[in-house]
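Presented sequentially are two complexes of chain A, the first with chain B as partner and the second with chain C.
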Partner chain A sequence: MSSLRSTVAVIRKDVQSELRTRYALNALLMFVVTAVATILFALRSDQPTSTVLAGMYWVVVFFTAMSSLSRIFVSEEERGTTMTLQLVASPAVVYFGKLVFNTLLTLSMTVAVTILYTLVFSTFFVIQTVSIFVITVLLGSLGFASAATIIAAIVAKANTRGTLYPVLSFPILIVLLITVMNATAKALDGEALSAALGDFQVLTGYFLAMTAGSYLLFDYVWKD
Partner chain B sequence: MKFVKYGSILLITFVAVVGVAVPMSATPQSWLEFPLNPMLQQKARNIFFHVPVAWTTVVAFLVGTYYGYRYLKTKNIDYDIRSVSAAGLGLLFCTLATVTGAIWAKFDWGSFWNWDPRQTSIFVLLLIYGAYFALRSAVETEEKRGTLSAVYSIIAGITVPFFIFVMPRLMAGLHPGSKGDPDGAGPVVQFTMSGNMFVVFFLALIGFTLLFIWLLSLRVRTARLEYAQSIHRS
Partner chain C sequence: MEDRNLAMNQMSLAVAHVSKQFDRRWVFREISFSLSGGESIAITGKNGSGKSTLVKILCGVLSATTGNVRLSLGGKELTGGQVRHHIGLVSPYLQLYDEFSGAENLDLLSRIRAGGDTHVPRTEEVLKLVGLWERRRDYVRTYSSGMKQRLKYAFALLHRPFALLLDEPTSNLDAEGISIVKGVIEEQKRSGILIVATNNDDEASWCSQRVHLGG
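On to the complex of A and B.
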């Protein structure tokens, strides 16, 4: 089987088992709703600026991701299917399969947060430059997922998984978070697409560097 | 190792004495006077301690990551011992750099913490060390512990160039050489060292690096003994 086809098979396996239980998707959606509601309670009738809203947007995405993205490897360990996966697929195939699945999860998260934000902050959360917003969300999700996947692989082999995951991820993701918050604020302020080109370069560089590093190091984490 | 030990003691003592004792004057006449920076005043002397400590932090991080990489390649537990010893020292020097920097910031920029790019970077480095040791304590088997923490330190190392090259572009800074602060929250100090200051500064860099090497060898030797003892007991 070619590696592309086996990668697709790994993604399909994850999507199928996800659709059977809907564990991650349900938890993710509830988490987004809870977090946005908490922000609404905190803000009351204050009028948030675009910087605050852009920051809050990615805070919700970050913590939602931290509650669900580690499942990708932890569930394999819990179900005892790690060995089988090691037998049938090469580490690179597993890594890229999981990366694509995590990217899909992150993207669905951003879609959920965007819809909720547009509904509840209808007067403040107006995306004025759609192109900046879409590119930021796409590149940001890719970078987010690539860092989250390798950390998830590390955490799955440790003992205290739940608490360790955000602790390990935050220092790695901080560059990405600052950049996407910056770019999202630009999209809300209605700046021209050219104003965010520097941010896009950073996001692309981050994604490529992180994916290349993870690809090279994944073997060591994956094999027992 | 004797050379490293006495060299570091000698150099750091020399820097401490000279860095504090040599008078500062607005118009330095002789080799035994430092120029007085109107903005920094006497506080400029901190440069002999703060910058070398920060430099040693970076060296410790690189050394720790390098030994982590060697461990991944060879699976020789001695490299893991060296890696974790370097990381422990990195945490120590990182804390020292943060504290000396924060005190200096309080008296020159007005507050202990300003989220200047370099302050942000050192904050993230502290977080990385915290996460690194949290990860180590969460893994029981030593082989897995070494592998996972080595992978984590390399992954963390990938983000370092972003802090050096990207952060200063994204946010305004206060350290000398920053792009400036458009909001006027604090002055960017223009600061160039004179020849004699540079000599002391350079000796301080060597002194603190030697101190790091000495402390690392001490820590590695005790860690090896502890490891041998734990093998012996079990």
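On to the complex of A and C.
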């Protein structure tokens, strides 16, 4: 129970810190707007297929995540507060606190991208099966956050942070990206919920495996 | 207070054959000493001899390449999580959050360490002790380097640590700040464990024992 309260305190600190500094939020919003505007200009009046739409949706989410999710550890490292956290919290408390914060950030990002897509591409971005889309976004965000958190912790210790983060993330996230794109295309095509159950199993398995692996690895990454 | 003094007297720190290697270079080798409640030690040595590295190892934020550090209470060794509640650190490497006020920093970090206990009265006590009570609502980014050093003392003393580790204890402090530090040290030496890492002979003389790094 004490660890849970400490984890909540870490999340609270990060949320308050983010609201004051806007380290990740500004990068996130600017990237979403820029990427969606670029896609809008590129498409003009063309009618993309649901597979292309789903791909473009998650490409925006992927690159937005790359520009903002690493901040959770990089900002601690750059400000020299890593040791302060090490002195007051166990690695598990820090990891799960950061994971929840990154999940909240990823969910905010997917909500922002969805709203922008719905407004800008109102004629062809129509979600036919809402349940598939909502579950995909939830599970996809959990998977994204889980992978992004441990990669951010590793990258924060490196000198070449900016380039290393997407390079390390892409091979780790490729399975997740393919699955969420498939499931989103099914939601846009209006397929039944049962058609996406396999995708949901992959996404759940990905999240659980990534979180368990990260939990075991984090102690070594965080301490030295 | 008597219970605390009794507990502190049962406290001990044993450093056995600790060595640290970065890449292929040994920073120091085979450092051993032990301390119990009421004892103090100064870690001295020239720049780059590994004083700060040894302090980080003693705090548990850095692993030793060889050897081990044991903090015990009443003969029972404390684990990583328990050690966190009994160690206080002031160091140039330690930074607090610029976007929060002094009081917010202490409250947030106290909540993380204690898992929900707020310790509001203790926050007031330590901020008054270091002379920052009047500036408690100001963001840390507006503090001078000396005020930040004082806030580090408030952070280190917030949970009444049994072992207090001071790396360059008086850096950036004015005469009043140094006087506060001396008071803190005298209080700590009465029953707790004090470790000071310094190049300054005056500061080293505050401690009853000395370990010199770098030959």
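Observations on the structure shown:
Quick note on the criterion: the second predicted complex is superposed on the first by the 223 of 224 C-alpha atoms of A that agree within 3 Å, B and C clash if a C-alpha of one lies under 4 Å from a C-alpha of the other, contacts with A are read in each partner's own complex, and residues count from 1 in each chain.
In this section, contacts are C-beta pairs under 8 Å (C-beta built on N, C-alpha and C of every residue); 3 or more make two chains touch, one makes a residue touch a chain.
Predicted model, so just to flag it, every value in this text is computed and none were measured.
In the superposition on chain A, A:168 contacts chain B only, with no contact to chain C.
Of the two partner chains placed around the shared chain by superposition, chain C is the only one that A:89 touches, whereas chain B remains out of contact.
By the touch criterion defined above, A:2 lies against chain C but remains apart from chain B after alignment on the C-alpha atoms of chain A. Shared-chain residue A:21: touches chain C; no touch with chain B.
In the overlay built on the shared chain, the residue A:13 is in contact with chain C alone; chain B does not reach it.
Within the superposed three-chain model, A:157 lies in touch with chain B and out of touch with chain C [touch as defined at top]. Applying the stated contact rule after C-alpha superposition, one finds that A:110 touches neither chain B nor chain C. When both complexes are overlaid on chain A, the residue A:75 reaches neither chain B nor chain C. Judged by the document's definition of touching, chain A residues 224 lie at the interface with chain B and also at the interface with chain C. Interface residues of chain A facing chain B in the complex, by the touch rule stated above, are 147, 150-151, 154, 157-160, 164, 167-168, 170-172, 174-175, 178-179, 182, 198, 202, 205-206, 209-210, 213-214, 217, 220-221, 224. If you check the complex, the residues on chain A that touch chain C are 1-6, 8-10, 12-13, 16-17, 20-21, 79-81, 83-90, 93, 223-224. Residues 72, 120, 124, 127-128, 130-131, 134-135, 138-140, 144, 147-148, 150-152, 154-156, 158-159, 161-163, 166-167, 169-171 of chain B are the ones that touch chain A when the two sit in their complex.
Listing the residues of chain C that touch chain A in their complex gives 56, 59-63, 80-81, 84, 87, 89, 91, 93-100, 108-109, 111-116, 155.
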